[in-house]
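A short write-up of the structure that comes next.
So that you can tell them apart, the chains are marked A, B and C in the order they are listed, and the count of residues begins at 1 in each.
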Amino acid sequence: MVINDDAPQMQYVRSEMGPAAGSGSRLEAEPNQVSSPRLTRRRVLSQGVKASLGVTVLGSWLAACGGAPASTSGPVTIQFAALVDTTGEQTAEIKRFNDLHAGKIHVDYVELPSVATDQYSKFVNAFRSQSSTPDVVQIDVTWPAQFATPGWLAPIDQYVTSSYLNQFWPSARTVGRVNGHLYGIQRYMDIGMLYYRTDLVEKYGGSVPQTREEMQTLAERILAAESSQGISYGYLMPGKKIEAIVDEWLEFLWGAGGSIGEPGKLQVNGALQVDALQYMHDLIYKFRLAPTGTSTYAPNDILALFSQGKAPFMRNWVFAYAIANTPSRSKVAGKVGVAPTLATSGHSGHGCTGGWVLAINANSQYKDAAWTFIDYLLSKETQTSMALNAGLIPSRPDVVSDASVQAKVPYFKQIGSILNSGQNRPTLKNYNQFTTPLQAAINSVLSNQASPSEALSSVQTQVASLT
Amino acid sequence: MATIGAPLLQVKESSPRGPLERREERLAWLMLLPVILALLALGVYPVLSTLWFSFQQGGSFGLGTTSAGLANYLRLLHDEQFWSALRFSLLYSLVTVCGQMLCGTALALFANRRFRGRWLARAAILFPWAIPTATNSVIWAYMFNDQYGLINSLLEHLGLLNPAHPIVWLGSAQLATLLIYVLAIWKANSLVALLVLAGLQGIPEEVYEAARVDGASRWQILWRVTLPLLRPVLLVTLILRTIESLQAFDLISAFTNGGPGNATQNLGLYIYLQIQQFGDFGYGSTIAVVLTAITLLFIVLYMRTLLRTSTR
Amino acid sequence: MALAPTTTAPATESSRPTARSRAPLLKPLTRQTLLYLALAVIIVVQFLPLIWALLTSLMTPQETTSIPATLWPAHPTLSSYIEALQGDIGRYYLNSIIASLVSTLVTMVLATLAAYAFARLRFRWKRLALLFVVSLSLFPPFSQVIPLYMMLQGVHLIGTLLALIIPYSVFGLPMAILMLMAFLQEVPFEYEEAAALDGMSRLGAFVRVVLPMIIPGLFTTAVIVFVGDWNEYLFALNYTTTATYTLPVGIVILSQTEFTTNFGVLSAAMVMSVVPLVALILLLERRIVSGLTAGGLKG
């Protein structure tokens, strides 16, 4: 990604693409060669435009058709597609890899917009048309089954041993297992957690709430006493029509000892399921602990409320921790703790796991090189760097429990047990057809358009037989 | 069928006979050739594939589908979500197109006057429309956020709103729908205004002068002279706005994503969901075909009505 | 700021001595006031999101989501602009300009030819041809994302700007043709007849007589086609890659991470994408319209 590189690289691609170009679809990779972030205007106009317009692509395509000599020496270029990263860590990790494997493997970073449906759409288009790129993909934890079932991902069983796999959290090594094969390993973890104000919890009761009732009692007490201090709400949760509300509903369900059953016979409208949704509704309209605008809030909306000291409790993903504890962005920095999500008495809370999985495109021409890159991203060293610089939770327990890492990221001391109690969403090849109606149903309940049992029953018929 | 397309008002078909006519015909086809070739090359395959898939079922993302006969079309009959999306699409189209035509025409008439600061009016016309639709919807959602949004904050400053009870703009089906209408009218009245403005510039000054000499008032000139002369432009604008409003996608998806619940889900979102998210090409294509048929119906309807009034 | 003319313009009117005596004399005053009042309302309504984006773009990240909303940045900062510029907004800009400009040119040339044929020439199967052209614009683009992807992939264009230029150029055609036909029909036939008497060919009359008469229409159509391409999202998302993302996709990349939206950067990017575009269109419009009137005088 350094400016001076792009001309020679393009040169190289043109000669090295010979064999790949024979099979065609590789060529779209090329414009990435000019993706250096700081192009000068002149260079952009002379090189970038030409390449962007596809002139060089066509040129090399024609050259390939004309029987350009196939050479096999020199580095292979693989494409790594992953959502955008604003911390710079992604680019730094790739650069280190490229330096490490200079002359053998070169990784190009294709940054994707962070909207999950946009990424999904881009991946599907590429896979569906048998494109050989991107080679390495970073996909959501709910996607491996969706992409592996039609044969779009390459099995990676041959690259891993059981002792290799044992380096990762259990859910990180099983999330990519589909129909008896392994298709990916998780790169970083995410999980729903209960965020709480350490100062307020200490002042008004002492122990961190584990059950719904404990939270309610404490929240009501705090709300009553601290409203003059700016506390306006008791409990914050995302309620917008997005994936997070399904996860949150699952957490309330799991925390009450329930489950939605196995693929093929899913149940979303049983008594516990309805009760979990009713409870979410009650938090807003009966107990009046959650804001009336909950049905429009995404995770960043409730984080804004929480970090401005408007509420003592919040259900959110891991990303919120770093922001809520950054003094320049939060009034409650240093007073934020995390705990497992809420349960009912006699049960324990289970956060819904999330995160991103590394996998290989089934049509990639460079699967070995792709695996080398994945192996590098999963190594202890790279994962340590990722934890420290990007604030993400490594999929390796040995990094999370590392004393020097914990010294810099204190909440890693608790995250181990939270992660161990985490549960995965169902592995479905039609996951979207499961979550989309559920999102709409839950959101319609939170916005007072339907009752929980009505809403969930209407979904039941749509999702019962999904596999 | 012969009434498709706005300017057909004045399109007349005749069978050319003489050599002059034959030369004219050759010239016409020569001028049309590039367009027809381009559309054949790029437009026909996706359309045919959509039609074909509407008679297919199963599979994933169009791979491994089997023949479905009319099953997909029959499925529509019992699909509540389809009917509610259809209802939303039709209402949305009706309200926003009317709103855009009215506001846009008014804006254009206003900006066509001569006064100091007119460029501001012109900039005001261009601006809403020049923002990328998706970005614009995110900004609007931001402005209407009930906690940190501009609108509630302004209302609070004006003493119209108690901060303890913010208005949850996007949390109620009615308010969200209303806001989508407002947003859509605001965003695209520009297009109407631009076209009408260009149409106004094409009306020769002598026409107005003649009317004034006849003692017509401003209002009479507007109704009897200006608007009738604008008819071709207004008709095309109406057709373009109708097509686009029935196909709306970016605007709603980035604003409410069809929520709350499915209250603001239109056919565009539903088709996208079926095709791009569920990979159900058969059903998604079927809805797309239905949407196309509805659009066609609307355009024919416009043509009929306007033809009748114009010949009266 | 927009109100300034309101106060100055009516002042000259109110100095009229007989302002109260007769209604028609009062009229210009009220009309002026109403006019500028209307202008003020229009400006506030149409510009509100831009004004808000401008203010937001100058706020600190904390201010952008403060509760209640910060109406005025306490410590104006350009950091959002710097962040957007350090991200690749320049490249997104360039891609957008190339893709939209090239497609608009292609669309306009092809559409003008076709619109003239449809509006002015007599030939058989005209209605069928027009039906063919229009009906293709009726199919919703989002049902065509994947079939088009397959076609573009087949010729190895996915990831290049041609993957946008080609569909933009073609899918803009039906709309452009309809608009241009409407403008062409405003031109009285007599002009071409006169040109024919002068010995001009059909094509010559079209280029030298008819086209100059519809320059405002041509310009408007071009602007509409251009902005349509400029704002397109679905194709731009699916057919491009890091090097070829256009502004609508780029703004999402710049301002949103998995869970957060940076409203400052979003606003800055929006301001940077819209203001130059509108200014350019206004400037061009003024040039072209004045050029037109000058030409008319000479003729």
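Quick notes on this structure:
Everything below uses one rule, namely that a residue touches a chain if its C-beta (ideal position, glycine included) is under 8 Å from a C-beta of that chain, and two chains touch if they have at least 3 such contacts.
Owing to the predicted nature of the structure, the values given are computational and were not obtained by experimental measurement.
Chain contacts in this assembly form a complete graph, since each chain touches every other chain. Highest inter-chain contact count (C-beta pairs) belongs to B-C.
The most distant chain from chain B, with centres taken as the mean of CA atoms, is A.
Per-chain Cα centroids separate chain A from chain C by 37 Å. Measuring from the averaged C-alpha position of chain B to that of chain C gives a distance of 15 Å.
Of all residues in chain A, those that touch two or more other chains are 121, 128, 304-305. Taken residue by residue, chain B touches two or more other chains at 61-62, 147-148, 276, whereas all remaining positions touch fewer. In chain C, the residues that touch at least two other chains are 65-67, 145-146, 252, 261. Note for the complex: chain C touches chain A at residues 61-62, 65-67, 86-88, 90-91, 94-95, 98, 145-146, 149-150, 153, 156-163, 165, 237-238, 241-244, 249, 252-253, 256-262.
Residue ranges of chain A in contact with chain B, taken from their complex: 117, 120-121, 124, 128, 149-150, 232, 240-242, 291-296, 301, 304-305, 429-430, 432-433, 436, 440-441, 443-444, 446-450.
Put simply, chain C touches chain B in their complex at residues 2, 5, 9, 35-36, 38-39, 42-43, 45-50, 52-53, 56, 64-69, 71, 110-111, 113-114, 116-119, 121-124, 126-127, 129-148, 151, 166-167, 169-171, 173-175, 177-179, 181-187, 202-203, 213-214, 216-217, 219-221, 223-224, 227, 230-231, 233-234, 247-248, 251-252, 261, 263, 266-267, 269-270, 273-274, 277-278, 281-282, 285-286, 289. Those residues of chain B lying in contact with chain A across their complex are 60-63, 145-148, 164-166, 168-173, 256-263, 265, 273, 276-279. Listing the residues of chain B that touch chain C in their complex gives 1-2, 4-16, 21, 23-25, 27-29, 31-32, 34-36, 38-39, 41-47, 49-50, 61-62, 107, 110, 113, 115-117, 119-136, 138-140, 142-143, 147-150, 152-154, 156-157, 163, 186, 191, 194-195, 197-199, 201-203, 229, 232-233, 235-236, 239-240, 243, 246-247, 249-250, 267-268, 271-272, 275-276, 281, 284-285, 288, 291-292, 295-296, 299.
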